[in-house]
Amino acid sequence: MLDELKEEVCRRNRELSLYGLVAWTSGNLSGRDPETGLVVIKPSGVLYEEMEPEDMVVVDMDGRVVEGRLRPSVDLPHHLFLYRNLPDVGGMAHTHSPYATSFAALGRPIPVYLTSIADLFGGPIPCARFATNLGDDIGRAILEAKGRGPAVLLKNHGVWTFGRNPKEALRAAVMVEEVAKTCHLALLLGRPEELPPEEVERWWDRYHTRYGQDV
Amino acid sequence: MLDELKEEVCRRNRELSLYGLVAWTSGNLSGRDPETGLVVIKPSGVLYEEMEPEDMVVVDMDGRVVEGRLRPSVDLPHHLFLYRNLPDVGGMAHTHSPYATSFAALGRPIPVYLTSIADLFGGPIPCARFATNLGDDIGRAILEAKGRGPAVLLKNHGVWTFGRNPKEALRAAVMVEEVAKTCHLALLLGRPEELPPEEVERWWDRYHTRYGQDV
Amino acid sequence: MLDELKEEVCRRNRELSLYGLVAWTSGNLSGRDPETGLVVIKPSGVLYEEMEPEDMVVVDMDGRVVEGRLRPSVDLPHHLFLYRNLPDVGGMAHTHSPYATSFAALGRPIPVYLTSIADLFGGPIPCARFATNLGDDIGRAILEAKGRGPAVLLKNHGVWTFGRNPKEALRAAVMVEEVAKTCHLALLLGRPEELPPEEVERWWDRYHTRYGQDV
Amino acid sequence: MLDELKEEVCRRNRELSLYGLVAWTSGNLSGRDPETGLVVIKPSGVLYEEMEPEDMVVVDMDGRVVEGRLRPSVDLPHHLFLYRNLPDVGGMAHTHSPYATSFAALGRPIPVYLTSIADLFGGPIPCARFATNLGDDIGRAILEAKGRGPAVLLKNHGVWTFGRNPKEALRAAVMVEEVAKTCHLALLLGRPEELPPEEVERWWDRYHTRYGQDV
């Protein structure tokens, strides 16, 4: 039964829009079913507000449509490439959110200027090299750049985020834009200092051991 | 029966406001009926939230009001001039959305700093020379500047966008503001590199052949 | 019967908040009844979302409360001073909207960089000298700076706008923030050219003779 | 009966999100019951939109959970340290709102560039030294920096605000972001002048004696 995952993927795609991370139809989020390994993804070029769970597209790891009347996102091959290479990942989002993408436009990582970057990202948010849209180039570039944190910027392009499930991928997409905005604003006024590595560990550690609820 | 087009033009005008592209009454969107050649346009100086389909103004290609109790947008002559010169266009929008207009204020095109600009615009977003509000000057300036993409900036003025129908004109108005914002933010931090022409073709091509659904 | 004016003043104060021009309780809008000369104004320190028409305060031109259980805005004396000196004005708004106030913080007028500034403001948007909160100093500073347009910036302080009625004062408050934002963004990227005086006249003239509906 | 305070703390936490001051779950607000001295605080890592009053956590001054099924905010020790040292404070909020945090990223206070800063903050908004998340370091750093105003920036981290109750702490969180945004925008265009000390007193005094209603 993939119905729950289709509902969840639809909801989190809609939330990309509600959180202001995407414009028109430009972004997509997917989830992987841990039991069957099937992937559920947004249909291509459909407005978030007009999508329903039954519009989600279910594909196998070779990209064959298993369920759904619509064409999947054109970024599906990159989602599949990354799922194949990242066995712990169960959700991914791709956006062009403006502040994060302004760093990406310059091929520039986001340093650890803030405790909130240490919390969730555990180091600088890396920026992948420019990748063309042919074959697995986008997936490879992201994989080369990825660190322990759940976000990678894509040069001249946008943002890719990861999670154990769709909700966590959405969280990373929300937070990368928030910290990118704050760092952008700070860089316009001066030169922020980076947190030293031991401080980064301390915040990452607290966030990953004591933050949130046991669910 | 123009009732459907009046509903559509009303809806897309309201969405100019919902997407944050216009302030108060400052922007307008029109559609052309492919069968009769009649044009439906926003009434002048009416708030988006207070407009109903029956408030839309229907005019012929000479600007004579065929249907409607209200005066049409003062920009009607420019819409008509452009429809006369662009037979494939079925929808146009005019906004002063802030980020795109900040480039326009400087008479500055937006280079292809992002794959999303290559996708929809297929090259730099051009900026027309300054045009006065007399006669066909605005329409002529836009026509001189227009490339294959669906948006033209207007020096010291604003934005004009095109589509095969009102929805596509709205999409271009949304996307030109989004990419303008991202490029603006990038330019404040550094000097982005432009995509090389063959890369622009690759993204434009993918977007125009494989993106979206067949409808 | 001031009931209609109380409803209108309440509605337009709430819209200051809906349009994002005020934070918490920091801004106020008033209207003058053309028949009795009584002024209706926002109560002091009350949240826009929690205000009802019966919370509006009705005062005479000497500031005596004629109707209402609440204390009027602390800016009431400035509203009254300006109504006394501007017989054609029937509505005024005071905000600290961020983009317009960023020019005010610098004591800097907003030049006519955009046709939309020529349309509604008919010239540069002036910035008054710094005024203290004692006596009529704020009103006097605004009066000294005011041109034919419906907005004045206040050095290190905020924005004051005018109209024949509360709705027009709100419109000016919305539009001054919109054009301030666009000019701010343009100034970060370069040096916009000002419209020449004859062009300013042409847009001001079109806007004041052919724009909108006869109501 | 702490039910009212739990409702109030829940509502004001939700408003942190509605006012755009927090992203995802990153911020928290607490209130102190004047009779029992018990503190009510947001649960850790819960989304604002999904919180109900019964999810709030009630603790005593040693941090023992008195009521509630969920874990309290990881920032609870800092709230308790500050309540112990600030007997008049009955509400506190912690955010990472982007404009205020951009000053914090640089370890930079916000000078009195605006009358609205004099009104509520009564002087420059101070920035505390960087504090690690161990023991009472965050609380101590805030206490060292705090002036008479209800907000302190935290270097490379965020914002802390105070009030006699949760609503006032929220107000300070809203206003510190608003004035930070306006000052940020002004600093991008030029060098604003600070208000002289006697002027600061005049606005602070008016705001604290004549503003608002007697409730």
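Each chain carries a letter (A, B, C and D) given by its place in the written order, and its residues are counted from 1.
Quick note on the criterion: a contact is a pair of C-beta atoms (placed from the backbone, for glycine too) under 8 Å apart; a residue touches a chain by one contact, two chains touch by 3 or more.
Predicted model only: the values in this text are computed from it and were never measured.
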_What's the minimum number of touch steps needed to get from chain B to chain D?_
2
*Through what angle, to the nearest 5 degrees, does chain B rotate to match chain C on its C-alpha atoms?*
90
*asked:* Using mean CA coordinates as chain centres, what's the gap between chain A and chain D in Å?
replied: 31
*Between chain A and chain C, what's the gap in Å when you average each chain's C-alpha atoms?*
43
*Which chain D residues reach two or more other chains?*
188
*Provide the full list of chain pairs in touch.*
A-B, A-D, B-C, C-D
*Would you mind writing out the residues of chain D in touch with chain C in their complex?*
113-116, 171, 174-175, 177-178, 181-183, 185-186, 188-193, 195, 199, 202-203, 206, 210-213
*Which of the residues in chain D come into contact with chain A in the complex?*
23-26, 43-46, 70-71, 74, 96, 98-99, 101-103, 105-108, 132-134, 156-158, 184, 187-188
